[in-house]
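Sharing a structure below in structure tokens format, with a few things to ask.
Chain lettering (A, B and C) follows the sequence in which the chains are written, and residue indices restart at 1 in each chain.
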Amino acid sequence: MENLRTAQPRVHCIANYVTANDCANLLLACGASPIMADDPQEAAQITSACAGLTVSLGTPSARRLEGMRAAVRHAGELGIPAVLDPVGVGASSLRMEAAQRMLDESRFAAIRGNGAELAALSERALNGAGIDDAAQGADGLETALQLARCTGAVVILTGKRDIVTDGRTAYRVSNGHEMMRLVTGAGCMLTALVGAYLAANPDRPLEAALAAVCAMGICGERAHAHLACGEGNASYRNHLIDAVYTLVPQDLEREARYAVYG
Amino acid sequence: MENLRTAQPRVHCIANYVTANDCANLLLACGASPIMADDPQEAAQITSACAGLTVSLGTPSARRLEGMRAAVRHAGELGIPAVLDPVGVGASSLRMEAAQRMLDESRFAAIRGNGAELAALSERALNGAGIDDAAQGADGLETALQLARCTGAVVILTGKRDIVTDGRTAYRVSNGHEMMRLVTGAGCMLTALVGAYLAANPDRPLEAALAAVCAMGICGERAHAHLACGEGNASYRNHLIDAVYTLVPQDLEREARYAVYG
Amino acid sequence: MENLRTAQPRVHCIANYVTANDCANLLLACGASPIMADDPQEAAQITSACAGLTVSLGTPSARRLEGMRAAVRHAGELGIPAVLDPVGVGASSLRMEAAQRMLDESRFAAIRGNGAELAALSERALNGAGIDDAAQGADGLETALQLARCTGAVVILTGKRDIVTDGRTAYRVSNGHEMMRLVTGAGCMLTALVGAYLAANPDRPLEAALAAVCAMGICGERAHAHLACGEGNASYRNHLIDAVYTLVPQDLEREARYAVYG
């Protein structure tokens, strides 16, 4: 986290149009500098000027998916850590095929999704389940471990409890607040934060991802503590980004709650 | 409204990119679960996993319009209620032709627009008027009744006062606050809310639409009551979504102000 | 500014999808009426119903760029003032070529960018520098003057201090707050505000642009003054738009801080 504030890395963020604004403000809040660009005609060029890349499968089109693919390939060539957010991958063949193709072609530094998304990705088959379902618990851990081993990526499975694993070590993170589920793009914002932490710490992807997940969870708790009477999920969204803005490394050390599985 | 909180229906929302984030947070606020997807390659597949569909003509492209059309057709086949928001339909032949084609091919459960948009849709001709103009009053009622009879949809005409009609019964709703006009996407958010209420109550479209219009109007009043000194339309937007989040069925019963026309 | 509140001009805003919502709310906050539309099949038609046009090179695609080009050409034919925001033009050949083509074909009333963007545009060559870099100081002034003379546009260079020039007279504006850098789209919002001021005062582009830059800077200061303990850049964004909403002409007269260069 200190590296992030010092390095202020530029992060190429191919976010879906629903949550792009929140992801950009979150990247600014954590000390990174966002660039959004999704067209195949410029995606790789933009990536090459950045220290990190995140791609989201939300609101896809053939053009955007082609842009992502070019950016991810180029990131691989340049050794820039790339993060995949397989939004709704289980609900759409278009998204699943795009995810498979990128996973076949390139290695991601990290993959962040909920239980249903990561289970679908593991099975590489349509499961009909949607974006918000979470197949947590013991199965969630197996899914995450298997996907990490199979892809070489650090896998982050978010749900009631979050799992972070590189296929060997697995952490369970208990920070967070259930109200995060009621903010669109809370998952996308975590993906962006993971991208920023990885960009600042490319050689320690597991630790960077774990720190990002703890940080976001702590911010979710703090956002809830700031919620005044009569406030709802719109205010919560603002408090969440504000909490990322005000978080300092000591907070992260003091408030992170995680444990190694097993 | 109780059905909505219980069923937590998944709503496929093809929103324009200006207001997609607000629509998603509003759907979460009211208890629904949003999925955004606009590409023809996945739109119908996404719809089939949902209980409701809303489509907005804002920021159109040929691709998005094709995606909407596929989703609306598929919703018709599956009996899923679809809501049309003809944003700016009077100002653009592209939007008008897309609206006409969808109305010819499919039956919408509801149509939500301002006076100028619904008048343009009724006349099926370009009228040069813009997005925010409202041709209210007696003419507004005639327009709404005629459009409802002609399309088979429940028509919601929003303006100084709102009209909700299925072509036989017409309600005048006097909830709401003029500051809603100064929030981009207030209309889109109402459309999303109507989509959620219809998804939870597909067999009573008139009552569901009326409840959604009253609920949004009440939230507009409450958002204004929460406005602190120095706050403007950005804070009002947050208060509006927060108000949807905190609204309970008893509030709706107690504060709804509507009457049957005639 | 009084003209703006009186005329309530319709502004066609081709914003990128990251900041479109903020730009629309900002236009509503200042008294204008936004229409967003980027498709070549409707862009020119939409422009013809408006009093002003703004185009942003952020998140480009071939389709969007074609839409912008058609809108800008049509604005030129009709004498509608158009504002260019060359977001990230130095980081992408796609954006640079689009900017060059529009500058060759049409005359913009104003161009708004940071130092790196305007330097890149002046050199009409890729410089590899990114979106947030600012080449301020003496060079910034030279860049702005040269670009204004070469394009016939009022040039607004934003950074630590802002420069507004028509190539003859140059103003230095010292309103503003450094926290504006940490809100995505603060530049885009200023571009939208310039578009609204020009739409209301098409015959005095230099004065209108100067007033818009001062107004936005004052709002940036006021937004910071409203920042409560624990608030960050998400709240700051809301305060910024709220400040535009509550600003009155007397505030602008009293708090504007600018001087003629030289």
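Observations on the model:
Definition applied: contacts are C-beta pairs under 8 Å (C-beta built on N, C-alpha and C of every residue); 3 or more make two chains touch, one makes a residue touch a chain.
Treat the numbers as computed from the prediction; the structure is a model and nothing was measured.
Seen as a C-alpha superposition, chain A sits on chain B after a turn of 120°, to the nearest 5.
Residues touching across the chain A and chain C pair largely diverge in numbering: under half of the numbers involved belong to both copies. Rounded to whole angstrom units, the spacing between the C-alpha centres of chain A and chain C is 32.
Counting only residues that touch two or more partner chains, chain B has 17, 21, 237-238. In the complex of the two chains, the chain A residues touching chain C come out as 10, 15, 17, 20-21, 24-25, 28-29, 33-39, 41-42, 45-46, 49, 63, 226, 237-246.
For chain B in complex with chain C, the residues that touch the partner chain are 16-19, 21-22, 58-62, 88, 91-95, 128, 130-132, 181-185, 230-235, 237-238.
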